């Protein structure tokens, strides 16, 4: 029983990461109907930015030991800023010119960006894993055999915090409203006076900030950053977004947690080597019975 | 003569909303029937039930003595019913003639194997299909527009092309969803002429949905009036026009009975 | 087809002009053809401007002739992109160091050409084709067992000598290939030795095996399991991790539930370091054991302290080895970085290649170097390097290394952040 | 805050302008379309001391591009065919290897193009069919995996058999998911592709797992052993021509029209009596069969296959080459494969050395960086693909028109 609880907590942690990344996918998809394949690489860049920040503190000051709260926060902010800047440049160079292009052109462009970023980082790091300085106090809350390390708690809380923050942003702010309007119907939104360009950039900015922050925190959690680390979470988060109903913000959140927990539990159920199989089979099953995703809007085209 | 089409107590609900409530109607062969009603009356829902896009929640649809409300979408066309759409749904990036060729789909036999081998029979079939298509386009008034992409056609032409495409199915019942919507009076008059010709020259049975009372009154022999998913009146144009419930229904929505565009 | 316009002659004329152009170039390039077999025309008809360095010896299937003043080219197939490059680049550098130290053979300069093999079957085949088109005399590689297995056929077609310093998979030499040798240890040797050590010496009777679903990791764990259970110990469960993933918590939780005496890992640094760290974070106290895939300072560094106490098998090694220390010092002096886990094997492999070239190459009357491919392969089989950086080197008929007398399977333990030999 | 925005705004405006100028230059001056590739090709072919890359490859891409661009007649195709047969004789082993890969991926591209380009079904798991073809063949003939039929006959038998089985797999995978909307279909097919690969990896009792299937015997053509990419290249070439021929003929028939109608408007198509389920499955099946056939040849050439050979990258590569070439037509696929499969390999040799610029290793070290940037550049400059079918070009114009209307 305790093992099940532990697996559930494990799954919730990685699920939270999936959920935060998935939000970027789902928001960009919502406004642009485009799968941003380079989103996982923003996550990766966030992890590197976090690493370089913490590493600089480690090399040049004692702040990692004396003021970990500050250094951790600045690493997260660095991750966000890096990802945001990249996302804005990326949108401008690789996606905006393609806004009215055939549907699949931006997909390929995004794949190009993804290959580009990954290989640039491979060159920069000489393909070596970069090891995070340990800023988090080691230790865990123990309950019987269940143990939850502090960093895991931090990651859990932070993912929920980001999700709530985004929820408020989408629902309560004017910009959030614009994003929803553009997602609903871009032309009408434009007629209603929404600045579509700025809204789309804002969507990228918000999605990238989340991915960058998630990257930095995830980097602290697994304590390494590698150029290839964005790929698997990227695919998983994309799966989570679709699972929840792509375009739906609560769907992406639910999808992320759902996927993470299922994966984790299936390790015990069926075996670790089948965990990805389980994830994808689940996806197929959900979509067969609910083709619009768990939380997606049912689009009855035949009206 | 038995009715060609018979709708029997059809009800269709969408999650709490009843779009059609116990609607029945019959259409005699070689007549032009109209379905009218204010916005949201359930006209298009009725069409979608007739063409298999929706399954009725209850009730039945019979066509030529055969129950069709359980047929798959493409089976409706094979049964002999063809339609146009309210918001024109042509294959926009195909040429006019290709659109009509798709309409002939069920009457052609080429499969992927014979398409590769291309024996003489395929070439022959293709040639005659093209000939038929050209004739249909001519009938619909689209002479020399064959190789134009559908989306490059003028609005009125697109409506005509949609009808030509529907005719290519060789239906015995043709359903027209607001054929004159968005047309200027000149274009609309031309369309009315075309609809009459369909019945008179091609011996077609037609059911049309219209907003414009002028069109309906001018062309239809029998009219069914829907309001809030219920049939409120039925009969010849002049009967329906006098029906107090019809007038109320239209007045209630602020639409003027004599002029079409709301 | 649609949309034919009236300009019918344009394509015709363009095509004709281009065809003429292409025919010219093609004729000029004709002697690049490498399957001509003994076509020895000099490279004078090359297109103007081609650099002298680009002129090739005309290699047939049997002999290679290197003209006076040209370089002897030796290929290195290793992984230079993807995350596996952190293993691949030190392999390249180890091999290049051997070339640099050797300098010349019979007054012919040696040039090492490294190609990226992506640590995959298709990538290694492409790299093989590339190296063959460069007319290399022999090749160190491929890096990964899957790549070697796939690429050997391509090399065999030209009867090119291939020596790998890092392909440890059992299947690479089973069945043996005539043109292949390796300085890497066969997993069959190492896996069994590891099992013996864990079960008998350490007396850890209950193990969980984790592999990274690679040819190497899975193969090694299969051998381990057979020997381990054969020695009377039990395998509690077999787990797998996905390469590229960074969070192994579910697997760790499951291992914790099995409560094993020892966790044995078959795979490489990236996953191994993360796994051991997460095991320790979850307060799993079982011993950790890995093989040469993680026998590297980077493993300890990336594990961030969690590697302390871990056992690492490194293959049969003589009790005393100054050769390795010498190599490691030279490597660090050359590149400013510590040698990688397979650097010394790649270095040895390249030294075997160079020794074989030296033994089999002859200088003909015109001062050209002539190498008979079969003679080169035979010579390589006979090469013995008693003081190889990875231990004494001698090959058996299968192309695997002979375990020299007086060597034991080296086991290191991580102590105070460094690998220390304990067997 | 606002001032800081000013700086980024100026930057983005400059970027926009540069972008627009590049597009305008590319589109407005038709000569650039000709001169640019021509010049690059000639420089690439004749000046290896400046841009050291593969001359024969550069030339081949150039000729193919021009031929495909300009001619739809028999003569052009005959020249192309002659070139494709003659050029490899002049190539070295590496170039032949690339050429084999290009031809193989062209074949896969033609198959996927039927699914994505013709029928409009976004498939991100095409590798599943490629893998199944390769594994079916390998498991039957390779002794290591418990197979070991006589290769002499079975290779030629296995091609149609694997194609049929792949087609069946296509139908089996397609059946449950066909009612999914475009992007959902994409992720589900991606999932299927991954499931197939993971199963190949995990069911080592059947597939030998990560150790792969190796020692696959060589195919024979009568008495001649098909030893390497060069010999098998001609087989793939034949496959490409057959697949291309079949694909074009199907496209120009009732079946192709049905696919196109489905792609344009699925509901309207079914209202016209097109059995959309059947035709979508047919597209899946034909595409899968071509992929399966390609898989058999791949396994025969590779002599060792591993689950890892069939990861998501293969699907993405095939999809990318279809789109870059210009979706919906075979000519685009050929060019897309040349660029997408050829470029990263040819870039291995790429170096720039003239005057004081010495970037000798730029190709070896940065080839994938360059490749990624090139993907973006091609898409931004030619969003409809390099050789779009007439219809695709039309769609793009339509979008452009809409944009300019909205802008005014």
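Here are some notes:
Residue numbering begins at 1 within each chain, and the chains themselves are lettered A, B, C and D in the order written.
The rule we apply is simple: contacts are C-beta pairs under 8 Å (C-beta built on N, C-alpha and C of every residue); 3 or more make two chains touch, one makes a residue touch a chain.
Worth saying up front: this structure is predicted, and the values here are computed from it rather than measured.
If you take subunit A and subunit C together, the chains in touch with both are D. Ranked by separation of Cα centres from subunit D, the top chain is B. Of the two chain pairs shown, B-D and A-D, the one joined by more C-beta contacts is A-D.
Centres computed as Cα averages put subunit A at a distance of 48 Å from subunit B.
Computed centre separation for the pair subunit B/subunit D is 43 angstrom, with centres defined by C-alpha atoms. Computed from the mean C-alpha positions, the centre of subunit A lies at a distance of 30 Å from the centre of subunit D.
Here the spacing of subunit C and subunit D, counted between their Cα centres, is 30 Å.
For subunit B, the set of residues that touch two or more other chains comprises 53. Shared contact sites, meaning residues of subunit A that touch two or more other chains, fall at 119, 122, 273, 276, 302. Along subunit D, residues 201-202, 267, 365, 368, 395 each make contact with two or more other chains. Against subunit A, the residues of subunit C that register as touching in their complex are 80-86, 88-89, 213, 239-242, 244-247, 249-254, 256-257, 269-270, 273-274, 277-278, 281-283, 298, 301-302, 304-305.
Residue ranges of subunit A in contact with subunit C, taken from their complex: 3, 6-7, 10-11, 13-14, 17, 119, 122, 126-129, 131, 134, 138, 140, 145, 147, 149, 218, 221-224, 226-229, 231-232, 263-265, 267-268, 271-273, 275-276. Within the complex formed with subunit B, the residues of subunit D that make contact are 245-246, 249-250, 252-258, 260-261, 264-265, 267-276, 282, 286, 391, 394-395, 398.
Residues of subunit A that touch subunit D in their complex: 29, 33, 35, 88-89, 92-94, 96-109, 111-120, 122-123, 187, 190, 235, 238-239, 242, 246, 273-274, 276-277, 280-281, 283-284, 287-288, 291-293, 299, 301-302.
Residues of subunit B touching subunit D in their complex: 51, 53, 72-74, 76-78, 82-83, 85, 89-94, 98, 101-103, 105-106, 108, 110-112, 115-116, 118, 122, 126, 149, 151, 165-166, 168-169.
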